[in-house]
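Both complexes shown next keep subunit A, but they swap its partner, so subunit B is in the first and subunit C is in the second.
Entry: the complex of A and B
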């Protein structure tokens, strides 16, 4: 998208910023990588913005915003929620960031494409409507809507909740609840079925830590899983059950702060639907403490960090668990 | 090397009957680090404590686990004992094998198994204990009394008597509370005003006492010795310093149709008013809901006639902030709303009244100037029909109720039997031509000179006491009230044509108690009465340190009992204010700055405002310096509640004495 590149060059040349956070091609054209550009030449040579630019750039600003000078960042609607949440947690220096909101119609998810049974992928391109997939066995054309991951298929918002400048028209928040459909399916399972489901999914985990490293909420100075002082550092290595617990502990740590950006599932090399654990908590928080969207604003108190007279009693939470 | 001693208490048969204490002591020796274990009949006794102390010295113990009752009971005892033997107090852990084990198990096998598990958890925890030293905090030598009824007044007077400053916050325009509305007091029948108003005046004149009338507590922060309280002074549109209480303004105020709450709506007052003649402070108040000037901008008569120039229509609510060392909750009570009790026809007939309304009808300063009249004839008091001949009292209206009707109470309101006997006796004394019936479930009159008082009503004054409840009160066309009731002793149904029916209405804590309880973090029971720290041994203390209870706020009680409790609460307050320093709790939170993300989650959940953030420089692994925002805890303000440790996403916040690692070790020991 030329407008994005033009904006980047303009703001860099006029001195508004001294760096640009964006995307560049990775090892494969569909495997886009976040990158920081410091000159117009670098942008000309490497900057891209297309239907494969899924990575959420918000988390990189924790480090980048503390560096010298102002940085330009391009944020998709869902990325602005992560940015706001980090701002609320005092992790980003707002004055050192210039945000340009970019429109998004959903990003192609390589996992979804592979799940269609398409093998030997050598290249992919998208014209916005259709995705052309080049494979060792010939080309395939698939409508883009079919290549979206669960995150984009049930997109929570096309609205930028924070920006300095906007490219294109701003969209609307989507409250149709579609993003909780898979969670509801899991809730309908018996506890044994659910246990089997998650044991099956989580036992695929190879503990590569990609989910943790990409997660904007997982931005602790020193992660408990890396910290010998925490007393749980090596627990995940004890047995397969403890290893599965890694994901549950991680999801509890981000509960109430997770904006549902879906990066965990996107980067998982084992295709574990990790975002469903977070969405279950988001759904429960909505049910028990009233609708709440982390990152929607900077000022509001998160339900799990606030005590009010209208908070539901723990008994109600237990009762519901007991009825299932 | 750990050298841990485990001491298992029998607590007589309290523990030993359902827990094999010898087996627990033996099992303790299997735990790594345990070098000694013993069981003893009463570990808290002097002999038991000596055993602990001797063992600490002899075996050079590094940690002690006492398997006994709840730590609330004797943790302090064993900590003190350990300290005397040279072991840091905080190297002692209690395994509660009584309340959490022997008392709830019937079977020796399962009781013992659980006791062993609890012991194991405590041993696992004590291994991670570190010696702690409590800090000292200064005490603000000023007390706050919330509520200016007889409870609050007595508490304030006693605290002031000891030489400490004390503030009374009263939401009404005057102090005095419910007692000002009462006519005579049992069992001596002296007039309530005559004994109360001198105390009110004492309060006003005592230079140690400051009265914030027409004010409410807005917020409370801090902790024992160092509370900070915001008090909202509601706009009364009068300059309290200028008003002389002459009453000229009231005389001239054209707005006459305001229900007079002091007389429970039996008559009207003006929009500018002084609740009653002996009010303290004797200062007028403008009722903004009715004042013509405040509502429409026209009128302003009061301001024209006020010689002192005290009227100020522009006054606003103001908030003042004050520091206190201790707080007394004396928030009092109200009769319950009985409109839901249709059978007594309270909302249908003006001649069905509550006992408090009767007090006003019998009071010389009341709407009928002390003549007992049927309220339906209040505007026509000289009518021969105005005088009631047959009066029926109904006891326990809304008290001792087993039904779930909204507003009714399970408890006994305690004061009704006595004041009904008083009412019946006073009426029979003054109007011998009356027939007075009292319907009761039981008559409860324990207390000095109380039963004698009740017997006098029956024997000397011929009041008809009938055991049984009134089923229905039906207003008749001629204005009489048909009372249908059962006499349980003669097993008869009764129909009485009464002129006046008086309902002994249940009392409940004032509605403000709940929010004040929340501000004070003082616990309350299901009826919104404040809970005492111990029902028998600490009856005037709230479980929250520095918060004390006075009067009906804690439970139903009469005036003598209220005054007793008020003085007791004052004694407890003085016990704190007399100290220059209070020993703090060393089990406070602390933040590991290297792990802190600066997210403010802890700051948001801290109920004491103990956490602050600041930017600090940190040397990075690559030898550069980074500035990060990190939390720090003020140990003098932290109360060790632990809310921050659970809110902290990175685990940087931890609680001394209850560290995440210690709790994890306990859970591991239990699950082993």
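Entry: the complex of A and C
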């Protein structure tokens, strides 16, 4: 999108900002990586914005906003929720950031494309409607809607909750609950089936910590998983308990703060559907303590930092049944 | 744990110093029976219990974990148990989602005057966990003897 690049160049040359956070091509054209640009030439040479720009830039602002001068950042609708959540936790200096909201129609997910059985991918292009996949065995054209990752297929909002400037039209919040469909499906299974499902998924975990490193909510300076005394510090999980433990604890630490940006699942090299764990927490919080969307605003209290006198008792989990 | 060829569960009970721990004391001085399988860990407030404690207990061989705190509204620190209530509801719901038997975890409010309730709760809980048998789904083989 030329408009995005023009905006970046305009704001950089008129002195509003001295740096631009955006995306540049990674190892492969479809593998886009976040980057910071400081000159117009750099933007001309490297800046891209296309249907592969899935990385959420908000987390990088924790470090970047504490540096000298203002930084321009491009945020997609779901990224603005993460930004707001970090702002609420006082991790970002708002005055050092200039936000330009960019429209998003969903991003192509390489994991989904590979799951279609397409092998030997050399390049990918998207024209907004269709994605052309170049492989060693010839080209293939698929509709873009089929190549979206799970987070985009069940997009929660096309509305920018925070911005200084907007490119294109602002969209609407999507409240149809489609994002909880898989969670509901899992809830309907018997505990044995659920156990088998999660064992099958989590036993693939190689503890690369990519989910933790990319997660905008996982931004503690000292992480429990880096603590040598914790017994589960930086190392591959050595047995089933550790695999469960890592994901249970990590998801609990972001419970009530997770904005459901889906980055964890996107970066997982083993394609574990980690967002299903976080979505379960979101769903539970919605059911037990009232609708809450993390990052929607900067004032509301997080559900786990608040209480009411009439909260449900933990026994509600047993009353729900389903174990027999 | 097998004792004389019979399965006995290992239960970890986190008890609040101000209510349930005194409740356990009262059960003792009243000569009320509750199984010796329950190992009590005293905590300053039920809110002190981090989800990690629960998982750690399972890792080190517990077959069931029960949390006892003051009745909502009676917290020594005003609001601790309200936070426990939310936190543990979510954690137990998540353990259930992972397919771990939900009968293995419980939260019960026991005041210092409720010695009888303490004994009754423990009897019921131990019975429920004995019926389930050994904790297989959240065990750590390295911690087994």
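Going forward, the second predicted complex is superposed on the first by the 306 of 324 C-alpha atoms of A that agree within 3 Å, B and C clash if a C-alpha of one lies under 4 Å from a C-alpha of the other, contacts with A are read in each partner's own complex, and residues count from 1 in each chain.
The rule we apply is simple: a contact is a pair of C-beta atoms (placed from the backbone, for glycine too) under 8 Å apart; a residue touches a chain by one contact, two chains touch by 3 or more.
Predicted model, so just to flag it, every value in this text is computed and none were measured.
Aligning the two structures on subunit A places subunit B and subunit C in a clash. Of the two partner chains placed around the shared chain by superposition, subunit C is the only one that A:187 touches, whereas subunit B remains out of contact.
With both structures placed on the common chain, the touch criterion links A:25 to neither subunit B nor subunit C. In the superposition on chain A, contact is made by A:249 with subunit C only, not with subunit B.
Within the superposed three-chain model, A:314 lies in touch with subunit C and out of touch with subunit B [touch as defined at top].
Ranking subunit B and subunit C by residues of subunit A touched puts C first. Overlaying the two complexes on chain A leaves one subunit B stretch of 76-84, 94-102 or 328-336 clashing with subunit C, which is 94-102.
Shared interface residues of subunit A (contacting subunit B in one complex, subunit C in the other): 224, 304, 307, 309. Across the interface of their complex, subunit A is touched by residues 51-52, 55, 58-59, 72-73, 79, 82-83, 85-103, 106-107, 137-142 of subunit C. Of all the residues in subunit A, the ones that touch subunit B in their complex are 66, 89-91, 217, 219-224, 227, 229-232, 253-254, 257, 301, 304-307, 309. The touching residues of subunit B, counted against subunit A in their complex, run 518, 592, 594-601, 604-605, 613, 626-629, 647, 649-652, 660-661, 664-665.
Residues 186-187, 191-199, 224, 238-239, 241-242, 244-245, 248-249, 251-252, 255, 277, 280-281, 284-285, 288-289, 303-304, 307-309, 311-318, 320, 322-323 of subunit A are the ones touching subunit C in the complex.
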